[in-house]
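First comes the structure, then the notes that go with it.
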């Protein structure tokens, strides 16, 4: 399992190729990007704040649990922080498995867990000002 | 919607980047590759036969139906045919949408439909000989 | 004329890739064409056998007419 | 000492990024620390307020002890 937190952009295919996972018949990737509009506001940028030590620990826990549950052969998560302009990549989640159903379920489970458990906070910068994006709460805390 | 059938390999990221889809916050990709083993047989290659005119028509119908149902902003499908060695890429399905749930559901629906509706047939080449891979039947035909 | 195309095991078993048949004067369905080209070897064909007419999934009981392209093949495995 | 860290709106509202507090001699939970650093501004904080202890999700009623790192932040939006 590879977890990376970084300010810089990444090339999703190069990162996936670098892993060279044997025995995998299916690979599913999610790439999240900064949208250019949100409820009719034009988004110029996103400021992403995070809690580095916890982010790393939490992504590791999420990845390990999902890898085990969905029998994934490998998991790669890259998440950026700092100021990102619209259309820039924010996050990459790529998973490998023998069969496609596991790969889809595993990738989606990691992305869903990121949304509700990983300590990132986003502020949308638009011409009208800066607005915090409403966040989510870990399901197990109600 | 872009549908391509080709013998040559492809670069998933370059193909996706070439489309430059505006307004998308989420992109989900499926890459299917030739496995190196199947039920303990070592797979050396896969011979993929298809029905070109119908494949093109059927992929177009699948893509259009799923794009509409899951509100996808764009759909890209590249499927190879001919002889592919183990670990080679077979197929790429990439979809773009505003939100992640649509992107995951749409990508998986296209991949599932490919399995049951697209007229491809695979023969696995192993040291013990060549074996046709059992196929699937379109659900609506029972 | 009706064009008949066979793929995968159907092509191998019947030794036939493409064939043209004149339409009959009575209504025909896909299975009539199959009997005409397969004869006794129909019993060797993989089941279920899938049918497409003019590049769309159809069934053995679907009617066929002059100018149609009718294809016979085993279950598919795309992706 | 107990290290307290605040993120996002909590950091902005309390004007506090990191703070060290001496542990009390009586049992403490996370909400006791919050009261100590927020005072009356606790009412201005976004709800629900999330808590992590030593980089794991916890709750306002979770016990804290000397050496812990306790973080307060609003709901998250990763991915």
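In this document, chain identifiers A, B, C and D correspond to the written order of the chains, with residue numbering beginning at 1 in each.
Definition applied: a residue touches a chain if its C-beta (ideal position, glycine included) is under 8 Å from a C-beta of that chain, and two chains touch if they have at least 3 such contacts.
This is a predicted model, so every value here is computed, not measured.
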Starting at subunit A, what is the smallest number of hops through touching chains needed to reach subunit C?
2
By Cα centroid distance, the chain farthest from subunit A is C
Chain centre separation (subunit A, subunit D; CA means) in Å:
25
Counting in whole Å, what is the centre-to-centre distance of subunit C and subunit D, each centre being its mean C-alpha position?
71
Where subunit B and subunit D are represented by their mean Cα positions, the distance between them in whole Å
48
Going by the contact rule already set, what residues in subunit A reach two or more other chains?
32, 100, 111
Touching two or more other chains - residue numbers and ranges from subunit D:
79
Pull out all the chain pairs that touch, please.
A-B, A-D, B-C
Any idea which subunit A residues touch subunit D in the complex?
32, 49-51, 53-55, 57-58, 79, 90-91, 93, 111, 114-122, 132-138, 140-141
Subunit B residues touching subunit A - in the complex, by the definition given at the top
11-14, 22-37, 87, 98, 100, 103-104, 107-108, 111
Using the touch definition from the top, list the residues of subunit D that touch subunit A in their complex.
5, 7-9, 48, 50, 52, 55-57, 59, 69, 71, 73-79
